[in-house]
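Mind having a look at this structure? Questions to follow.
Chain IDs A, B, C, D, E and F follow the sequence of writing; residue 1 opens each chain.
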Amino acid sequence: MRTHWIDERIVYDGSQLRSHWILHRCGVSGDALVAFRGPCAVAATEMADLADLDGPGIAADDMVHFVWEAFDHPDLLLAVHRQRLLSAQATEVLRELAPAAIVRRDGDDLWVGPGKLSISIATATPVSSLIHFAVNATPGGAPVPIATLAELGIEPRGFAAALLGRAGDEQHSIAAARAKVRPKGEWR
Amino acid sequence: MRTHWIDERIVYDGSQLRSHWILHRCGVSGDALVAFRGPCAVAATEMADLADLDGPGIAADDMVHFVWEAFDHPDLLLAVHRQRLLSAQATEVLRELAPAAIVRRDGDDLWVGPGKLSISIATATPVSSLIHFAVNATPGGAPVPIATLAELGIEPRGFAAALLGRAGDEQHSIAAARAKVRPKGEWR
Amino acid sequence: MRTHWIDERIVYDGSQLRSHWILHRCGVSGDALVAFRGPCAVAATEMADLADLDGPGIAADDMVHFVWEAFDHPDLLLAVHRQRLLSAQATEVLRELAPAAIVRRDGDDLWVGPGKLSISIATATPVSSLIHFAVNATPGGAPVPIATLAELGIEPRGFAAALLGRAGDEQHSIAAARAKVRPKGEWR
Amino acid sequence: MRTHWIDERIVYDGSQLRSHWILHRCGVSGDALVAFRGPCAVAATEMADLADLDGPGIAADDMVHFVWEAFDHPDLLLAVHRQRLLSAQATEVLRELAPAAIVRRDGDDLWVGPGKLSISIATATPVSSLIHFAVNATPGGAPVPIATLAELGIEPRGFAAALLGRAGDEQHSIAAARAKVRPKGEWR
Amino acid sequence: MRTHWIDERIVYDGSQLRSHWILHRCGVSGDALVAFRGPCAVAATEMADLADLDGPGIAADDMVHFVWEAFDHPDLLLAVHRQRLLSAQATEVLRELAPAAIVRRDGDDLWVGPGKLSISIATATPVSSLIHFAVNATPGGAPVPIATLAELGIEPRGFAAALLGRAGDEQHSIAAARAKVRPKGEWR
Amino acid sequence: MRTHWIDERIVYDGSQLRSHWILHRCGVSGDALVAFRGPCAVAATEMADLADLDGPGIAADDMVHFVWEAFDHPDLLLAVHRQRLLSAQATEVLRELAPAAIVRRDGDDLWVGPGKLSISIATATPVSSLIHFAVNATPGGAPVPIATLAELGIEPRGFAAALLGRAGDEQHSIAAARAKVRPKGEWR
């Protein structure tokens, strides 16, 4: 998996969570995780999570977004595991960057006290799996109480770089781990 | 996935990481995660990780062990992702039980300063995938510098209960998440 | 797999054989088999079986419908096997409820003499597999000669309950069977 | 899938349920279902079902045996579905050959009153899936109360031919069914 | 896999690379490879290869086309391997029919000197995988320098028959090869 | 996939075709294709192809061997396709190195006139797939008439380097091809 930071500000409206958007936007082909900064306003037609369709909406003025497309093992069950692991990695990065902060992971959501710090979804396309994960950078624009990197004193670009690195490294270490184990047999 | 605590002390020698050991030992069939306390001394013939074959040995006098067998989706790549997520969940539980402690996750290993807190492996059988994850409870018997739950002031039985609960709950929430997303299409 | 009877009468027009219809209609998420009673008139655009596109149409005034969505193992080959087994289970239920009747299964179709008792299709969505199976309850509205539960003296609601129970139980027993076998080796 | 009747009497001891036994015995390669007549006495080391290890033993003096090896889609979950469908097909064949008999299918087991008519197991090898299904032909040699084809007035060779034909035909019709359906989309 | 030559001239515009086109056109169901002769002019909306979207266009006045749809193992990675093997088989057929010619395979493309002899793509549908492979028969109509069968002195119909035969035979031999190997174990 | 040439002469006796032999021998982990030179004498217990068990034996005094282990997509059907493609690539390399030679590929075997130039097998382990492909370098020691690189005037080390390069490059191009195609829909 390759990782990439996109310097331009992009308005995330959900259409970016489509097959080959990364290839088109960044010229990076194959499994890739990219990140960028920008507002969020997901159109209902682009919502992948059915639970969001009747919800308060998905929006915020300033987020750090991550989009991950995987062609190599596009299974949705695996994608949800990767999404959860990415969320857990995010808490680990946040803890390193802001040791005093108490960030709570509940599934794919991160919370700081009563404030929702992140949004996320994992879904499938006919040729790949896709993950969107985004963390609020500064306050404003959200339909629910949120927490932000700004409150935690964390610089968004540095956070993105750290999480891109950690997620990329762990995918490589997972592939290596799989290739160096012997199988086991029956108990009796 | 069902979870189960085994009250008896069991000497973990690696032979427990075999297909249907959980069924035989606990009468629990199907996907299950069980935990127990006991010493650890893994025979070379039972080592699944080839990297351990020429290493210092795998041993400790007192650990909390977790054994997870999955029949439903026995893919090894998925199993390694589950193993990493289990390790991350363990750090989350430890942080709740000992907020002042600094536990570092590096892949499937947990560290407290220079001390190795845990060991782990994920592997495959012809009919399932298997994960072993174990955390040192009290000092002694290890061929490398270790950290222990005792140093962190954490009671082993409570830690096991919390991790069994968290891992079981997240597997259910992952299954639910997969069943409520719409697929996405092409960028253009 | 969860099973559920829907009390309301629903006009089955084929659009119900879509991803997450069960979730939307019944609030039941994950693998589920639901049943209801109502007329049938499948629009050509909703026909999944290409053999039906140039056929006499799919319609009847009063049927007992079963809709099964599976997310956990969405493979289409498996879905067709499940569909065939569901048809076989239906003949078993019918034999118990009407021992004197002679119901013949031919693939996914049930026949009573020259009358077609049922219709069925198994297909795929990008996130799941889907099965529709329906049995004529009372005569009328079909473009081909049909047989009905009424002729067999079988009460539709009781038939549905029995088949929902049998199909649900067998899925659980299949999962259990898979988790308690040892693999086998080579002949020589 | 090819089907084949073996004329010679074979003592089934469980070792026949191994990879490539059909190839070795019959010269038939690829997916195949073969049948033969002979006694049954399964050694504990050859038992695939762990539930049988502590049971009364698996034996009978005279059975019609079916052995099915599948290389093309060796998934164990699919194999158990095929096994259940084979059992259902057997009841259908029996009903045709002996309309007055009441044969009850309970999972992979067939019963006539209190007598067990059949035994069966589905399991996996590293390169295939395997199914054994056998029906008692004449009484004698079983550790539990049994029913037999003889009691039902059914000639074993004819029963075998009919079930081989039905199972082979249905596998072809399942493959054809899968290749002629359009996929379906989302409910909303 | 069945193979079939279509006598009628067909204008290939990319819409033929759709699920069940072979079934509709030829009445051949299941895995099949068909061939026909005709011009080529692929509409942008039908282009499967994203690299072609911004290219010079896909067109030629006279080609021999091959369309392969596979339902049995619809994995895209496998389909690309099949496509590459089909290209290699084409070079082997060309070498037999025109021993003096020097045909160079570069991935899925065949070249004769600076002239592009073929075009190809492998892609997925929700129920199958699809491959298009086409070789220029006579000059004209292409947006890039091409080579043709005419230059090589090869009769298009004979070439098609030979490649259909070779590809069909090798799929059967591949299936047979898979079903006659013993698995292997660990080095230590 | 990584590729690697082993300088030492190795006696290939079939035991090298085991899981993690490449890791152990070369320290290369993950998907890898390695090559070396040495005699061949495969013990019956190490033969993977059942057709060889009753054959004339597998032996030769001097061959160029290729061993390929794949963990990432260990499916046996895919492995056989890779094996066939590797054989086709070998003929392409040979044609470049010895344009006047006529090398014929028949499945996984290469022939020069009546002489067998190569041997090959593809098989599975519980954690990977494995391919062995070997070409005779100089005459001697074979139980059947053979052809050799020496007769073709081809230097073994150069041939190995060219095939390692071509096979490695094509695996990368196959992965890239899969990640840049749009899916296709239904014909009607």
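The working rule: a contact is a pair of C-beta atoms (placed from the backbone, for glycine too) under 8 Å apart; a residue touches a chain by one contact, two chains touch by 3 or more.
This structure is a prediction, so every number in the text was calculated from the model and none was measured.
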In this assembly, which chains make contact with chain A and also with chain D? B, C, E, F
Quick one: point me to the chain whose Cα centre is farthest from that of chain A. D
If chain B and chain D share one sequence, what is the angle of the rotation that overlays their CA atoms, in steps of 5 degrees? 120
Chain centre separation (chain E, chain F; CA means) in Å: 25
Using CA atom averages as chain centres, what separation in Å is found between chain B and chain C? 41
Residue ranges of chain D touching at least 2 other chains are 19-20, 23-24, 50, 76, 124-127, 175, 178, 180-183, 186, 188
Chain E partner contacts - residues on chain A that touch it in the complex: 20, 23-24, 126-127, 182-183
Using the touch rule from the top, collect the residues of chain E that touch chain A in their complex. 50, 76, 124-126, 186
Could you pull out which chain C residues touch chain D in their complex? 15, 17-21, 23-24, 46-51, 73, 75-78, 80-82, 84-85, 88-89, 91-92, 99, 102, 105, 107-108, 121-126, 130, 170, 173-175, 177-178, 180-188
For chain E, which residues count as touching chain D in their complex? 19-20, 23, 29-31, 71-72, 125-128, 175-176, 178-183
